[in-house]
């Protein structure tokens, strides 16, 4: 009797499953819906690509109308689940890529060619990442990979894509050494550790600091990398290290570390952490009366962070690779599009996903075919790419030449910071 | 008459739990080949004494010797290896296992082969042990229950399975902690006969039981424990005549 | 030998085989009545031992894996001495604390490269190796199960005091299984490192343990077959839950756990459940007549 | 001094968590893996109330009601069915793990996986001068509320009928039934109290970070386990002392060793305590059967 009831419940569950499943499908393929061509059978896309590449190769210009509709398949491995701090990033990247794809499709720059995104959740897990990328290569037969959120996932799965000879655009990862994995690997977010290292010394000097205390998130390679680069750069600049404190991504209480920093008597505090924890850190610093100037990390100016703790973040300075205040490239349009289309505030991760898809589409248009070598060559040859990060191109190491922008939080607003900027605390 | 050798000797054994003295200065010997009864009112320390004898507890004073050697520092499994088997007051069987499995587990010490012993030899050993277990089960009159799950069996049957399992280790000394509790009269008579047979076969038995008739009929001698002390130890008839024993029982209103 | 399988499926197969080793390392302890949660810690030890020896000291991969097994067993035995004094849930949570110390320690010391982990580990482990290793492990498990060793382990699991009274050296059995379990977990960790090419401390977190525990209990702890089937089943399920989308995947996974526990509280291969199934199927014809 | 207060304040949150888990273990012998999710749901319950403009105390009560209701629901459905089947404690472990997955998934979808701002308006803000130290008012409020809740729980357990009934059921459900106590009712009471304590902890965590997300409770489950094993499973004073000690250890490790190793130090202390006292600081020695 009971068994039957449970079976009934299970059956009901299955119904819910299929309902939700189809729901999801429709939302994730929204980009396709606008282009009926995408609904054509895609199984023979490999052959279709070959014909397309010869046809396009002959015309060698994206303006020319290819004789046949082609579907270019892009594998999108992203960390979409796990703790909120990480899944948020992956989800932002994904929706910005979808947004960019809609714009690309609408622009007609690809002619008859359409791009199909095949997202895969790598769950912040290396095994999942390798399995996912192998699946994209073998089963989905993708022509390129644009994705990756976290460095470990990339380091595990990236080599698989390199081996398969596919062009790879890493959108999320910010660690050094990403493009060394292979000659076909490009990235969007610049190496943030060097970005911070380049700016911190100047900011500290402007603030007249001679000593610093550090708070960083010790269980993520991103923040540890940033922290180590900043500490080295500031020590090189003659700034004495008074205290080094750390927290984990799961911590909610930072008072012990902040009290230590306060007791150390340092002139400035350098925080290398994640947006999800800034509010707690700044509010608790305010509570215990820690009021030295703070050099923070990118993401400090995110709307929800300011909503949560803006008043405690007065005069905080940070360097961003992307900033809403940047008026160059496609950025103003991007900021508005995220607002209107995604009903959210633009941020670094939206920008990374957005530029990743635009960058690929541009290369595809330039190459005129989905041939991997052609796309890699096109990526290398792109000049003055107009993206959300401003106007940039790839250097010889396939790194974007993005210099970053210094920002300050004043009265719950983010403004560009220069050595002349004044701030009332 | 020669002095009988004592297989198990307790010399001034005491055991305290915090401020409570459960067993106090007990000196007692179980002679080879005898059935010694151990009786006493509830809470007299009988089970504690058995736990001391089987090394589940260590004495806070005094010494216990088995076959002339001290058991101090011995673990229960070492004592089992040396030849002491026991049953438990509240029947400790391996639940959700068959009668055969339970008794076969008791044959653990009979196995010599290692894990890598394959083929014939392994089968021969398994078959030999299984045969022994089956014989014991038959001896205890459990043949028809051989493959039944012990969890579903009656109390009386479970007690018999436990005795079979204890015998499976081929002990020199068998400690039976209330083996007939909860049994019908016929069932306990059955156990009495079994103990008789065991003694005839040369087994030494320490029997704790409240069933005075059973103890009188099966035991060579009876020891009476009260408040952790041995107040009498003699042949059954002498013990029942002892004034102190009567006092201990009548005084505490033993319900038995 | 297995090159005919497409790389994607082969990778999934490899991952499943490694999971099987991990689950068995947990199971062998549980069969002795030990609920230990140190598995993730020993897997980390194994992964790092082999990865460091192979990348830094240029040891050949098989030697690195052997070293991992040795280190895993040694550490397990030396930790086992104090930790095995604990019982039941205290052992479970105490061993969890031990695993946390190991993993957080690895993340915060220098020579392991901290949170960055180790990348570019040579990947010589093939499906053939893994199949062979798992086959040997399962064969040994079956030999144990059918021998008096298996019976003794079951006795210890059901009632350690009574088992001791029957001459079973409870401590020796537990020590041995703790050592074997540690060695197996370390081996699985090493194999994993040489399969995925990258390791970092975060992969040995509580989540890994939770997954392994559910495989084991859903399968049932009486026989190795249950957990092995559960591991394979969950892998297949995992690959097919994608239809639910990222959002709901965990929901279905969770509900499957709940439903399985309600239907078969002792696992899908427990006698209790199989007997019930048998009863249900036997009853069917009766109803028809 | 300031650091000791830091330790006690975070320790009091740990203690609230530990109390909830220890109550369930003591009464039902279930290690409840849903506890972190109950905490998060409670925090979200209070967030919704705050966002609707209810005053803070009311919002906290709403959060507690949500968490208690959720707990009782779990107990009266899945756990009750498992009890009827005579399931082993491991079946409860797996089932509560499954429930935790489901609860997290629902919350994740409802919140679109975002970190939600948690308004601090109405909560105590700023520092207060105490013994020459600037102590945050919020911290003191957390500490005070936790201690009051714990004291209330202790009084309730020892001096009320329901509280004593809970002890009786913990000792033996069969005996309690003979004494006219309905174990199912007591289970529901235990889950209610446990849920309320979890929600309180959840609100404190949310307000001190000014944010809450579906994964807010993730790490706290392990912390709760650490607390009860340090204090002794099923022991109410154990959970309180264990929680406070753990909080203080973490802070002292930060001060005297390094914040990188504060967790390692905490776990090492737990291991050492267990080796000296295998049943935790206040745990009852596990009874031997013979």
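So that you can tell them apart, the chains are marked A, B, C and D in the order they are listed, and the count of residues begins at 1 in each.
Just so we're on the same page, a residue touches a chain if its C-beta (ideal position, glycine included) is under 8 Å from a C-beta of that chain, and two chains touch if they have at least 3 such contacts.
Not measured: the values here are computed from a predicted model.
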Problem - Shortest path length from chain C to chain D (each step joins two touching chains) - result: 1
Exercise for the section: Please identify which chain has its centre, taken as the mean of its CA atoms, farthest from the centre of chain B. Expected result: A
Problem - Chain occupying the most central position, where position means C-alpha average - result: C
Problem - chain A and chain C, separation of their C-alpha mean positions in angstrom - result: 35
Handout entry: Rounded Å distance, chain B centre to chain D centre (Cα mean)
Key = 48
Completion exercise
Rounded to the nearest Å, the gap separating the Cα centres of chain A and chain B is 73
Completion exercise
Touching two or more other chains in chain A are residues 218
Practice task
Could you list which residues of chain B touch at least two other chains?
Solution key: 56, 88, 92
Practice task
Indicate the residues of chain C shared as contacts by at least two other chains.
Solution key: 108, 159, 161-162, 247-250, 255, 262
Fill in the blank from the handout: In the complex, the residues of chain B that touch chain C are 54, 56, 75-78, 80-81, 85-86, 88, 92-97, 101, 104-109, 111, 113, 115-116, 122, 126, 129, 165, 168-169
Exercise for the section: Enumerate the contact residues on chain C facing chain D in the complex. Expected result: 35, 82-83, 85-90, 93-94, 96-98, 100-101, 104-105, 108, 159, 161-162, 206, 210, 213-214, 217-218, 221, 247-251, 253-258, 260-262, 265-266
Fill in the blank from the handout: In the complex, the residues of chain D that touch chain C are 25, 31, 78, 81-82, 85-91, 93-95, 97-106, 108-109, 222, 225-226, 228-229, 233, 260-261, 263-264, 267-268, 270-271, 274-275, 278-280, 283, 286, 288-290
Fill in the blank from the handout: Note: in the complex, chain A contacts chain C through residues 3, 6, 9-10, 13, 17, 20-21, 24-25, 28, 80-81, 121, 124-127, 130-131, 134-135, 137-139, 152, 155-156, 159-160, 218-221, 224-225
Practice task
Show which residues of chain A lie in contact with chain D when the two form their complex.
Solution key: 2, 82-85, 87-88, 91, 218, 245-248, 250-253, 255-257, 259-260, 275-277, 279-280, 283-284, 287-289, 304, 307-309
